[in-house]
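In what follows, a single structure is set out as structure tokens and then discussed.
Order of writing sets the chain letters: A, B and C. Residues in each chain are counted from 1.
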Amino acid sequence: MCGIVGLYLKNPELESRIGELFKPMLIAMTERGPDSAGFAIYGDEVGDGWVKLTLRHPDAEYDWEALATRLKNEQQMELSWFQNASVAVFKVRAEEAALREWLAEEAADVLILSVGQSIEILKEVGLPEKIAENFNLEGMKGSHIIGHTRMATESAVTMEGSHPFSTGMDLCLVHNGSLSNHNRLRDALKREGISFETQNDSEVAAGYLTWRLQKGDSLKEALEHALEDLDGFFTFTIGTRDGFAVMRDPIACKPAVLAETDDYVAMASEYQALTTLPGIENAKVWEPEPATFYVWERSSN
Amino acid sequence: MSNDINVNPGLRESATFDRTTMAEIRRAADSGIYDIRGFGAKRKLPHFDDLLFLGASMSRYPLEGYREKCNTQVTLGTRFAKKPIVIETPVTIAGMSFGALSANAKEALGRGASMVGTTTTTGDGGMTPEERGQSSKLVYQYLPSRYGMNPDDLRKADAIEVVLGQGAKPGGGGMLLGQKITDRVAQMRTLPKGIDQRSACRHPDWTGPDDLAIKIQELREITDWQVPIYIKVGATRTYYDVKLAVKAGADVIVVDGMQGGTAATQDVFIEHVGIPTLAAIPQAVQALQEMGMHRKVQLIVSGGIRNGADVAKCMALGADAVAIGTAALVALGCNDPKYSEDYEKIGSAAGFYDDYQEGKDPAGISTQDPELAKRLDPEDGGRRLANYLRVLTLEAQTLARACGKNDLRNLEPEDLVALTVESAAMARVPLAGTTWVPGQSF
Amino acid sequence: MKTIDLAESSIRELNQALHDQATECTEREWEVLNPKGQHNIACGLDQNLAVDIQGHAGYFCAGMNKKAHVVVHGNVGQGVAENMMSGTVRVKGDASQAAGATAHGGLLVIEGNAGARCGISMKGVDIVVKGSIGHMSCFMGQSGSLVVCGDAGEALGDSMYEVHIYVKGEVKSLGADCIEKEMRAEHIEELTDLLNRAGVDEDPASFKRYGSARQLYNFKVDNASAY
């Protein structure tokens, strides 16, 4: 039960302002989700052969420098890293699988919030305004961004249970609604090798997409399968490396609004989250259809 | 059953396929439609009878009955409303519709409640002038169907109760069968006369707590933030529902356990959905406590409350007030043996009658038949209800004093012990004579 | 004319000012600036006021309206004019889901499209949509008229009672117990009047009429699957 916001820039000149444009959108959804908030920002891409990870550790004083040093010395991996409040962003020249394996072995307590070439996922318990401040959202640059404010329904209010959920390389998902068959689905997905951190229904949706994509589905195919296999109520927004996608369930009780201008496409649970965008007065504004899939991406890959 | 005596003791009835079960199979085979009935769950459930109070003796001191004060007054809706409701006894009357009940019955409920200074509640189908006129404090229900919902009545209400569900059928909508859709009921609900009316299970214009927050704000705006907004839920995932009700902005939360009554619902729903009232209260209180809202957002509990002990036990578990429905109807004369012959004529018996949906109630309560309805004199019914409410209050006070409390709300879970493992686990109080609370590790 | 700028005033201040007109009407014409999608704008009105909202409104705009004439110069969120009793509400743009839900009276005009569940459980209101409407519209509709100049989504009029539905365009599918019915002279007359009142220029003869087959009015074994 939540608020969703997304902003995809068509005009590259706005990329230096994406954080500033997005921050009020996230804060406008405070009432829909006062428990936790988060966002996935796409930008600052690493080159081929490199991966970017957003990492977090339960210990706020965790020594990221030591971790970086070990990767460099023991694994001879080229890397750079920086800390942003409670998370560290590592850019490493390595294969994703090898890096994940090493982290699981050597730094098991480190949580991987996102993996990709572009994505960073930043999320935390608390009010959206505080979270935006903590991560310095306002100063961020990027091509697109999706965010979420959470009103927890059944699972605990934790950072892990906050959205967005990573669903694979440069992919993430945010959800508004309530799934009704996630427990059995979680069990089935666990047997397929998908791991889960929480009892959250939305994490199951994310895990489901991860699984479908691993099976070789395109994003569109994965979402079409999701329509068949997920029961309950949902509006999803999915972040991809090149853009974002929006989908509502066939019952379509949970709200969503889209707006488009020459400069951007924006999505929100409520129109009031869009009112601070430049040129919104003259934007094309509409409500996405039920069981219909909307995608904005820079290229078709 | 009386005829059991005449059954050959060598015959053995199946516990699985008992006579009631077999009768239902035959009924289903005859009719092809599920059984619809009124009343609440009839199966045996862990209940308040399984709890006992620890009266004061040496380690604690009791209060002197009738002389030393024991407060029963409760204020509801202190969180946001400009005009909270003060009730003189923590026993309120649950929502029951005009339509399900006769106008006389609704009037009697209003009269009885007003006499003792407590609230009564409308139901699905709107507010009648008789009810508003006779109820000094009236809670107006806001239901998925919105039958008879109008802003004038909304502004006349002393509180608004947004109903998400009821204990007899959490997740289900309402029903009112054709016999009861008379001209007046049809007109109030904008329905064709004589149809079998179904009510929606979800509200038409919002779904989920995030949208409910906006709906509550709308109701507050329309009523200029004057009156409390209650949220009523059927007891199921009570811990989460209560937390969400608080987040959505409720002033008061009503939790209706599965013993709560209904006017007309599928039997399978009544008997198989929801959790017992006893199990719901500790969940609700825990949710409120964790949010720091216990006593700030008031909790009303309903579902199978019959006597002052039940009231006191609810309060001890952390409720701020209770609501009664079925018990109030019994006080008015429902299932009274004085109508034995009439019950038998319609294939029922005094003490067993639950076909509220048929509108043939010999006691004249759950009916729209003018002749039957005349059997209930609203003034007399009101007096009977008031008497009963006074007894509930006195009984609860008696128990509270015995536990050394000068206020009903000072009763605590620590004043209770349980007789059975089940009730100890559900109510989260120790098994009598032990310190063992099943499921809790210390 | 009185102007209230929601960039400076709160929704509470706006609504209180409008509600105060119920007892004594001192100002008939109101203009609301900078609504910016806020919720519950101009709900609970009870006076013959003319309220112009200059921009998009959020949920429950003009909810439970009585007597007032509200025009939204933009889009509206969920439940516009929900439970309206009388007066008119006109939306110049699109409406989200549950437009006119449970409304008892008055006239709701949507000049753009309306989302899902338009006219759900409507109880006497007249709704005229110049564009199209979404799925489950007029679900359990009880009374009143729903006019759609564009298309209707899936399950139109499911489990409905006595609403008169007129659709000019395509109907994706009819809900349980909803059937196409003959357009008789009295229906042309009713529709002509509705279109006139809504200020919509369409030929009444180009519409089809839908209504209840009344097969679900009383429980019947044969219909069990439809319940």
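Things worth noting here:
Criterion: a contact is a pair of C-beta atoms (placed from the backbone, for glycine too) under 8 Å apart; a residue touches a chain by one contact, two chains touch by 3 or more.
Values in this document were obtained by computation on a predicted structure and should not be read as measured data.
Between the chain pairs B-C and A-B, more C-beta pairs are in contact across B-C.
Taking each chain's centre as the mean of its CA atoms, B is the chain most distant from chain A.
Distance between chain centres (mean CA atoms), chain B to chain C: 35 Å.
If each chain is reduced to the centroid of its CA atoms, chain A and chain B end up 44 Å from each other.
The multi-chain contact residues of chain A, meaning those touching 2 or more other chains, are 253, 255. Contacts with at least two other chains are made by residues 211, 214 of chain B.
Residue positions of chain C touching 2 or more other chains, listed in rising order: 39, 58-59, 78, 97.
Contacts from chain B toward chain C in the complex involve residues 31-33, 145-146, 149-152, 154-155, 177-178, 189-192, 194-196, 198, 200, 204-206, 211, 214-215, 217-218, 221-225. Contacts from chain C toward chain A in the complex involve residues 36-39, 55-56, 58-59, 75, 77-78, 93-94, 96-97, 115-116, 134-135. Across the complex, chain A meets chain C through its residues 252-253, 255, 257, 270-275, 281, 285-287, 289-290. Against chain A, the residues of chain B that register as touching in their complex are 202, 207-211, 213-214, 237, 240, 243-244, 247.
Touching chain B in their complex are the following residues of chain A: 1-3, 31-35, 151-154, 176-178, 233, 253-255, 269.
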